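We just call them A, B, C and D in the order they show up, numbering each chain from 1.
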Amino acid sequence: MKVKYFAWVRERVGKAEETVEPPASVRTVDDLMAWLAKRGEAYAHAFETPRVIRAAIDHAHVKSDTVIAGAGEIAFFPPMTGG
Amino acid sequence: MKVKYFAWVRERVGKAEETVEPPASVRTVDDLMAWLAKRGEAYAHAFETPRVIRAAIDHAHVKSDTVIAGAGEIAFFPPMTGG
Amino acid sequence: MPVPVTIRIQQADFDIAREIAALTAGRTDIGAVVSFSGICRGSEKGEIIAALTLEHYPGMAEAEILRHAETAMSRWPLTGLTVVHRVGRIIPGENIVLVLTASAHRQAAFQAAEFLMDYLKTNAPFWKREESAAGTSWVEAHDHDDAAAARWTKP
Amino acid sequence: MPVPVTIRIQQADFDIAREIAALTAGRTDIGAVVSFSGICRGSEKGEIIAALTLEHYPGMAEAEILRHAETAMSRWPLTGLTVVHRVGRIIPGENIVLVLTASAHRQAAFQAAEFLMDYLKTNAPFWKREESAAGTSWVEAHDHDDAAAARWTKP
């Protein structure tokens, strides 16, 4: 599963994207954030307040309780500030 | 007192402006339209439905019951269709 | 910084890019510019229009636009405002009117531009005459334009 | 006639006049064109801004703008729509975003442009980083932008 990070999530994680293989117990976007947060200090910092982080699966916004099964690409980013 | 006509009021009257000297009994914009309507067939046609005609005194919109005393220039025209 | 207000009534077409540049050049306090261009359509209610001729009341037209420009400036925090209204003969596809508003924030720019257009439609002394196969006729005012203007006076 | 929809994300500046010409050329069914340009301001809350850097999510950004463009086209009778969003480093006074809407009537053009801007602000995956004397920091999202977007979902 490909994971992408943007804005300060990207800066804190220290990379723009990577491929991860979470265990089957990681079912939702929330689970994935909790699992990623345990991958080290940088991830812990990036995901320390998961409620402010937005997620998208395959280019569509999703809620944090969305099941990730079948996702090709999951992205994490702060609230958007374009326009 | 200078009177100006625009759009179909101008076309019906047959002139764009003129100077008129109404009698003292002509007090309001309504009175002036009624008085002008008696100046001939062209005027009668132009002012046959005075309620649809708008008026301005010295470049400001006025209601038809406005007193005309002191007016330098009175204009008559149909509802506006600019923009 | 004074608010630049430009009001012009002219036969010639306008250049939106040049008008925007004039409103924004050298400034860094503008976050939003809204432009509205009104364009002559080629048909009205199914009838083909060959051209419009715009007549106006010189002196009053400028005064009436300025009065509404001042109202807009007092109601919204604008950094600039431009109104250009063409007169004379205009063919389908050509510009009729331009309203430009600039502000730090987008809502002010949008609302002021809508307000100005609604008032131009109903209060500025301009009249359109249409040329079609049936001859020429004066365009009638629309009730929905009065309704659009009236919403700005609601509490 | 198909509705021309143009969506571009680019580093380069845009030319409003050229974008309007592309939307209106050869057509006589357009009565109103509204443009919104979002411009980089030189200060935010009293702090001098040296520049913004815009980051985006390639692929999703285009998809999200297209999704809202399609919603706008289904809600208002538009004859065309253009969105150009810049990315990369932008200095005060430079353009950030352009939304253009064309319609037979002005209300549709105004409302669709406002709708698109409100949704771009809150839903399109772009992020601004500010450079100031204090260093660089990510711009925080505004609650009032969420409120502006929410008004389009009211009954």
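One rule holds in what follows: a residue touches a chain if its C-beta (ideal position, glycine included) is under 8 Å from a C-beta of that chain, and two chains touch if they have at least 3 such contacts.
Since the model is a prediction, treat every value here as computed from it, not as a measurement.
**Student:** Can you give me the shortest step count from chain A to chain C, moving only between touching chains?
**Tutor:** Step count on the best path from chain A to chain C: 2.
**Student:** I'd like the Å distance between the centres of chain A and chain B, where a centre is the mean of that chain's Cα atoms.
**Tutor:** Once rounded, the distance between the two centres reads 72 Å.
**Student:** Distance from the CA centroid of chain B to that of chain C, rounded to the nearest Å?
**Tutor:** A distance of 26 Å separates the two centres.
**Student:** Between chain B and chain D, what distance separates the C-alpha centroids? Give it in angstrom.
**Tutor:** Here the centre of chain D sits 48 Å away from the centre of chain B.
**Student:** Chain D: which residues touch two or more other chains?
**Tutor:** Counting only residues that touch two or more other chains, chain D contributes 38, 117.
**Student:** Spell out, as numbers or ranges, the residues of chain A touching 2 or more other chains.
**Tutor:** none
**Student:** For this structure, give each pair of chains that are touching.
**Tutor:** Result of the pairwise touch check is A-D, B-C, C-D.
**Student:** Would you mind writing out the residues of chain B in touch with chain C in their complex?
**Tutor:** On the chain B side, the touching residues are 4, 6-8, 56, 59-61, 75, 77-83.
**Student:** Chain C touches which residues of chain D in the complex?
**Tutor:** Against chain C, the touching part of chain D is residues 15-17, 20, 24, 26-43, 92-93, 104, 106-107, 109-110, 113-114, 117, 148.
**Student:** If you look only at chain D, which of its residues touch chain A in the complex?
**Tutor:** 38, 54-57, 59-61, 63-64, 85, 96-97, 117, 120-129, 138-141
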